[in-house]
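The first chain written gets the first letter, and so on, giving A, B and C; residue counts start at 1 in each chain.
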Amino acid sequence: MADFSPERVGIVTESTGNEVLRIEHLHKEFEGNVILKDLNLTVRKGEVIVVIGPSGCGKSTLLRCVNALEDIQGGQILLDGRPVHSGAKDITLMRQKIGMVFQSYDLFPHKTIIQNVTLAPCKVQKRPRAEAEQEALELLERVGLADRRDDYPRQLSGGQKQRVAIVRALCMHPEILLLDEITAALDPEMVHEVLDVVLSLARSGSTMLIVTHEMAFARAIADRVLFIDEGEIVEESTDPKEFFTKPETPRAQAFLKTFDYE
Amino acid sequence: MDIEVIRSYIPLYRDALLLTLRIGWQGVLWAFVIGLVCTLIRQLRIPVLRQLVTVYVELFRNTPLLVQLFFMYFALPKIGIRISAEVCGSLGLGLLGGAYMAETFRSGLDNIAPIQEESALSLGMSYLQAFRYVILPQAVTASMPGIVANVIFLLKETSVFSVISLMDLMFTAKDLIGMYAKTIECLTLLVVFYLIMLLPVSLLGSLLERRMRRAEFGN
Amino acid sequence: MQSLGIDVLFKGTNFLRLLEGLWVAVRISLISVAISIVLGILVGILMTSRNMAVKAIFRVYLEIVRIMPQMVLLFIVYFGTTRVFGWDLEAETAAIIVFVFWGTAEMGDLVRGALISIPKIQYESAAALGMSRGMAFRYVILPQTIRRLIPLSINLITRMIKTTSLVMMIGIVEVLKVGQQIIEANRKVSPNAAFGVFAVIFLMYFLICWPVSRLAVWLEKKWA
């Protein structure tokens, strides 16, 4: 499998202990509806946390809050001890340290694959084009798409687009990656090629916060599983195998049952 | 059809065409400027100005240019605002076109999925960078067919300029018919000169639309 | 407001005359729209034909309408036919002919667009439910097409009303012409009447067109 060691892909963590992300008493409302209530979570360096739960439970909103794409009504989100919120002066700097891949194919349709990957490194981080392109190509090579560098997104399959989206996030050298149901819109046969990339990222020590509906994948990759329902963490487990076979809470049991056909 | 008559009329029509083109394109330019300013005010959600833009757009999209010109040219002087016929023509066209352009730009921007801005922001871009590198290029491409249609529409609308006594193509044709009754020759020349004015724009517009689509999205 | 001519409007039957003038313009446009919609539906269905000759003819027709100002068409029909065929066409008839020629092209293009925008799967699922072609058209395709068309046809009405203001140029006495007459008649007593009269005409057009175009927007949203 591809080499995604932290040095190679450039995921760096300043040593503020080994804690990367801390969410304290997060409260999120939208038009009077409470989406997340008093949510607490700490993510350590190299940790892979998988968030599962029924649709509408707030798990995607959680990721969007972490990247300050949503306003929050209470609590705080700290990256390396510094607050992340949409009004902050250094928000663009903070967002550079947080990579995010969305469910829908969010590549820029008017840019080629290589331009998609290098746009932010060149314009935001002001890195020299040649250097950014070289790194982009290396990363594309590892996801098997270097030969598509000059194609446009619409010429790629869904799975290929998502692999490019991952590379685009990685090229910014984020400290943590947020993956928001990145295979939910894919045809089944393309799910694997994307999840393989995520698995190898995990093996090479990337810190990730993943929302997914792929239970087998969650079980294989997670260091810790969070089950969220109605805006709060209902069950948390550091033993995915245990969690997926014998969840403790009735709500998690009921949720996992919906994936069985027996 | 009398070829001699046509030959003798051509210089008159040529002058009229040049005048129509000059005022017409000035009007189109105004339309772009006014449309962009309105779009900016709407995008930045500037209070008061934003409501004014809405009133302006609705007012000018729902009244005929002819009536707008009558108002500007014959009514405004009565309250002390005197505008020359040429300025009245180009500014009037620009005000009409600005309202149409504002709507076209808006629908172009509305066509861009919010996820595009969000993914740009999530890469650490500022709002300005996201707009400049991600939203704007896509919005321009999406608005292109509307922009071309607006330009053709505006250049066609120049045909009412004669009511504010500008010697445009219609004015010339009407004048010559009235004086010499060479109706067929005059009307033929009128059609030919409007074709000269608008056919290239129409063809170029279609070409541009196709080009942009290909250049921006790779087929 | 004395000096700005609002008073002139309320003198005698002046305001009524303006309204009558407005009705002339609106009447011409309503007649033209009605005919255009009927002809446009026929033309739109014909335009989906695969016959190359039919396609080419309609292409040329659409392009003429796209780039020729309605003003020019009015002149050709009104002045040209008198001269070439010796017809003594009434101005109002000439206007309706031109607006129908223009409206049919616009409507035809809309109908064609609406027809080809119905996805093939709609025909197929109707067939899968055992519907005949006629039934599929009647119960599945037509209702969807009409929903798309109604807001666009309403838009055509406002554009038609705005364009009919041109008929004053071929001598039809409509609202602008009446306005000029009123201003002219009161030149001595109220030299500034132009302001009041033209402002009111401006407002009249807006008050007719604006509600109609809002209706189109509302329907478009409702049926989107």
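Keep this in mind: contacts are C-beta pairs under 8 Å (C-beta built on N, C-alpha and C of every residue); 3 or more make two chains touch, one makes a residue touch a chain.
These numbers come from a predicted model, not from an experiment.
Counting steps between touching chains, the shortest path from chain B to chain C takes 1. Innermost chain of the displayed assembly, by C-alpha centre distance to the whole-protein C-alpha centre, is B.
Centre-to-centre separation of chain B and chain C, using mean CA positions: 20 Å.
Inter-chain centre distance (chain A to chain C, centres taken as mean C-alpha positions): 54 Å. Each chain gets one centre point, the mean of its Cα atoms, and the points for chain A and chain B are 47 Å apart. Across the complex, chain A is touched by residues 113, 115-116, 118-126, 129, 133-134, 137-138, 141, 216-219 of chain B.
Within the complex formed with chain B, the residues of chain C that make contact are 4-5, 63, 66-72, 75-76, 79-80, 82-84, 158, 162-163, 165-166, 168-169, 176, 179, 192, 194-195, 197-199, 201-202, 205-206, 209-210, 213. Interface of chain A with chain B (complex): residues 67, 69, 92-93, 95-96, 98-100, 102, 104, 106, 108-110, 112, 119-120, 123-125, 151-152, 154-155, 165, 168-169, 172.
Listed in rising order, the residues of chain B touching chain C in the complex are 58-59, 61-64, 66-68, 70-71, 74-79, 152, 156-160, 162-163, 170, 173-174, 177, 183-184, 187, 190-191, 194-195, 198-199, 201-202.
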